[in-house]
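Please read the structure below before turning to the comments.
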């Protein structure tokens, strides 16, 4: 019996647009999804670009008007990988048309907009998803399982870190990421640290932020100079509902760091550390009783860590970034089919955006704030 | 203008069969291939299994008779991921039918068979490929470029290693991998070390082998015990045509090792080290002139290392094992389309098989042998 | 010509007392010191313990009364490795007697006491030193040189971390380290992170603290339970006079961590990372101009990093913790001989103690404080 | 009661001479040795150099004639850290004078000489020691304990490696290390791999060697060119009496490697790996029964690994190279005092020299040889 199709309309084919396309493609093969994914329509800036993308990536149709996708009665999912500033308008239109909406992070540059989007989606009863790639990593699932099962004992402390260096060069021009409305390192990368922190340890209840602008001006790309106000480094102290405390830090000027999405979890019976530059490894230190034999063990992702086994039957062979996106897609398709809850829906995306803003506000006011 | 289709018939859907299917799928999206890959027919042991695989993996047709694929005039490529013992028969039939043949390694358990297959393929003028996953790794390409360009100076010494532990447990039953005809750790894993060694440094001209059986008997899976004669560990000293010398070692009883496909290259101006468990990292030590600033640098795979950029625009985000298979597929499709030579054709596969046998023979005779 | 003797009286032979003794011993051989170190008198709790220590460690005399050392006109240096609570009384007496004083960290549990000690020492004109082992590491010197010379460009951000796990077990009894007067993880370990931060980047001008008690009670060692109020984890945001910002974190319940005295420095032209568990390695990422060749390089300590070469002429052979103490001793002896300034005198020790208290006060008041 | 003195006469104050001096010094403080070490006399090339060394390193007397030491009735131990070519003459004279002899490796450039030295020493009943630093490492002791106790199950395979790069530069001049009599990388570094292999797994019974000259000529230091015949890279396959097989490799042209004295041990119940550049870490993989929790654990040297605790009570603080030499000294002094057997006596040194020569002979003859 044929699976019902799931027709996808995708808006925007940049870095993350491609990642979503590859995610759909791989998920459809690797997982036995409940729906048959069809790449229906792709929207891009011009007709020509859209047609090229359709040919290149296997969409049936192309358009330069994203509303065509929203209005197409055949399309089930609207996939938004357009510039952040457009996420809201596109999502609201898609929701109004009864579409499921899969939006790349951030859900919107401002939490107030994310809240509207969330409420609209919930009122409409559509399934939503926001792309927070890293939490789909099988070893994140392993870490959460170890935390929740009590294997690490009482969880006491947390450290999160996301460091890259793509803004190190002060002569690199001003971009949308420097926009005072929703831009900055903490919104871009710190949001991942918060998503991971809550994924692993549960709700954050209080924060003390420290977000710092370092590079105060950049070329405007037109021969002039433009003032930059957003943070290049952001930090926060955290309180979790569970009683644990922690910290997160994000930087896009961490010279030499390419993908340090890292975390450390310390419990009374064990500790965990992870580094994003080695995304198939979880370091685990169990408190044990054999003197002289203790040490952090490097667990390599393998079939014992679902859904790794869907990709490969042998441990240590390693998943890549695009595979994580495929896992994210599979989770979303399962949710649309009613198999389980949405793994990371608009409400979750709003939550992160709200946390980011609370950290910023806390930093400006120089005081702790409830989340 | 639509690309011409490339119709694939695939035989066998185990570990490597799935890897090939994922490879075709990902390659078709990630790369702008010259042909439009169509998963035409899948063959499996029974009609039922084949139909299930067709549904699961998106083939148009299913069969329990692999000859159906070979005889189908619409099929362009016969993809053989069936048990090693069948590689020859299937390949010969496919070649006779004028098909391109993409065969998982080993090309055949015995070099004599691989030679027949190679000669048949060359006589027929079909395009062939043998799957040696690891050499498609972008950082292998980087390493080769550094070697060939002279960036490392004169290459003096090489070390290769492939260690896993899937045969550590002596109570695990006898399988086809223990078959005296073509089985053993060196054939299974040492073949990769030889393929990588020649990929990087060019032809090996002489070897001294040391292949060792450690676990002399295993359960036969039917309640009895079966004698095992194949090697569990294999080693070889090497001489390269270039004048460099080296060694390789392979083990499937290296307790704790999951995917140590490692190499080290030492030249007069620099050194390289690589470990398969961190497949996105190449360590590079250039001889330089700044006292106190030297050190192995960890190069993370990124867009500067083609074709990484096709998968992801950001460095450090990491490719996975299946991505390497997609690169392999893309190379083969390009060769079929006449864009470049076959990256690793039957002749190359025969070469490796022949080297493996020479190592074994050298070990038995306890003397150096020309290759 | 014989060097003048430098007669040392040492009080306390526990963990750090032994480290000092080994430091004196090794320094005297490894370095061509300007004074001839003589282990003159050792003081311990009882006459018997003191005599045993004298025999064991080669002191000429023994005493159970530390005042004997202070009052001995032949003794030049009073070395205090007694419990923290006694540092002040001993130091003040030694200073009053005109002795040079070398006191293990913390200089005193409270900054107010450290200030008195500092002022007394400066008024008396004696040479002082506080033991902050890690900054004597040759690769710390290398890091500072790279920062000061501009090799890393403008320094933008700093991260410090000191994590161990010796208090993870909540059934371990209350000790002096849990004393509300000067105890806690941040005083014990965070003090190191601050010392390193100022050593590398210069003065810290503002802090926002977050020090947290996790384990609220412990066995009192007499069959009862005792309330614990000190922090088990401490964090701070930092502002440096240079304009850089940063953070530090310390924990003694970081399950699995044994000696993570780590730092990261990010400048516009390069980045550095260091981990205390690999104390002979500095990772350095210079921004360079060769696409595809960048990466953190692991610099192994060697003769190019003074004073490593005094210990060993070959790089990569590694110094140990006790060697760092020998370097500390050598620096102190050089200062006494007038060859250079005191590397880390009482004023520096007071400074760190003061910073620690400011972090605590900031945490209690939940606001940023000037240092 | 005072310990009896152990008067040391030391010949040669180069790299290893200093390491021995530091070893005596540190051992005397760190360990409660049964004898009181006295640095009695130092011999160097000229009177002036010897006097300078005596002053610098604390010897009571100095001489430019090493025979003065041998003939001095007060001296107990003759410590030979002179050029290798002199080891035999000096040792034989010392033995003849009834001295204990502690000789840096190699015992002699040729095994035939080492055998004479051994027989003379045994006939004289003096205690001897040869310096093979690395096997004194506490984690080597741990590894051996794990192997011998059966914790790793049946030991199946071994890999040893010693790679440095101090001969990479082909313009570096000819030295005694290039002397055809006893020179070469395998004698210098491969000897360590063999010593470690036998230390861990017991006797090697058969070898197949492959020693290779790469740099065929070097400046002679006088403006001319000199032919070089010794090996720059050496390898061997091994058979152990226990039934295990293995390999070792040594190189002094391994560009970028500074101290890779590495080993891997694979048993039926566990695996070990070690790298000399991280001499305080042993990686241990026990076969266990918890799916998804396995991984190599990094054991950091600590007080549970004797004699680490003599140096430091806290784990992870790290020993250095000179500390290993102190452990070696302590073992020798204990043997002289009759507390235990000589840890690594002349017979053991001869054994290694003999193995080295067998590897060379095997390489020349291109066949396996019994040891």
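Which chain is which? They are A, B, C and D, in the order written, and residues in each are numbered from 1.
One rule holds for everything that comes next: a residue touches a chain if its C-beta (ideal position, glycine included) is under 8 Å from a C-beta of that chain, and two chains touch if they have at least 3 such contacts.
All figures in this text were calculated on a predicted structure; none of them were measured in a lab.
Contact with subunit C and subunit D alike is made by A, B. The pair with more inter-chain C-beta contacts, choosing from B-C and A-C, is A-C.
Farthest from subunit D, judged by the mean position of CA atoms in each chain, is A.
Rounded to a whole number, the gap between the C-alpha centres of subunit A and subunit B is 34 angstrom. Centre-to-centre separation between subunit A and subunit C, using Cα means, comes to 41 Å.
Subunit B and subunit C have CA centres that are 53 Å apart.
Residue positions of subunit B with contacts to 2 or more other chains are 283, 294-296, 300, 302. For subunit D in complex with subunit B, the touching residues are 152, 156-157, 159, 165, 168-170, 208, 210, 212, 214, 232-233, 235, 237, 245, 247, 249, 251, 253-257, 264, 266-271, 273, 283, 285, 287, 294-296, 366-368.
Listing the residues of subunit D that touch subunit C in their complex gives 15, 19, 21-22, 25-26, 28-30, 32, 56-58, 164, 166, 258-259, 276-280, 300, 302, 311-323. Chain contact summary for the complex, subunit A toward subunit D: residues 142, 283-284, 286, 291-300, 302, 304-305.
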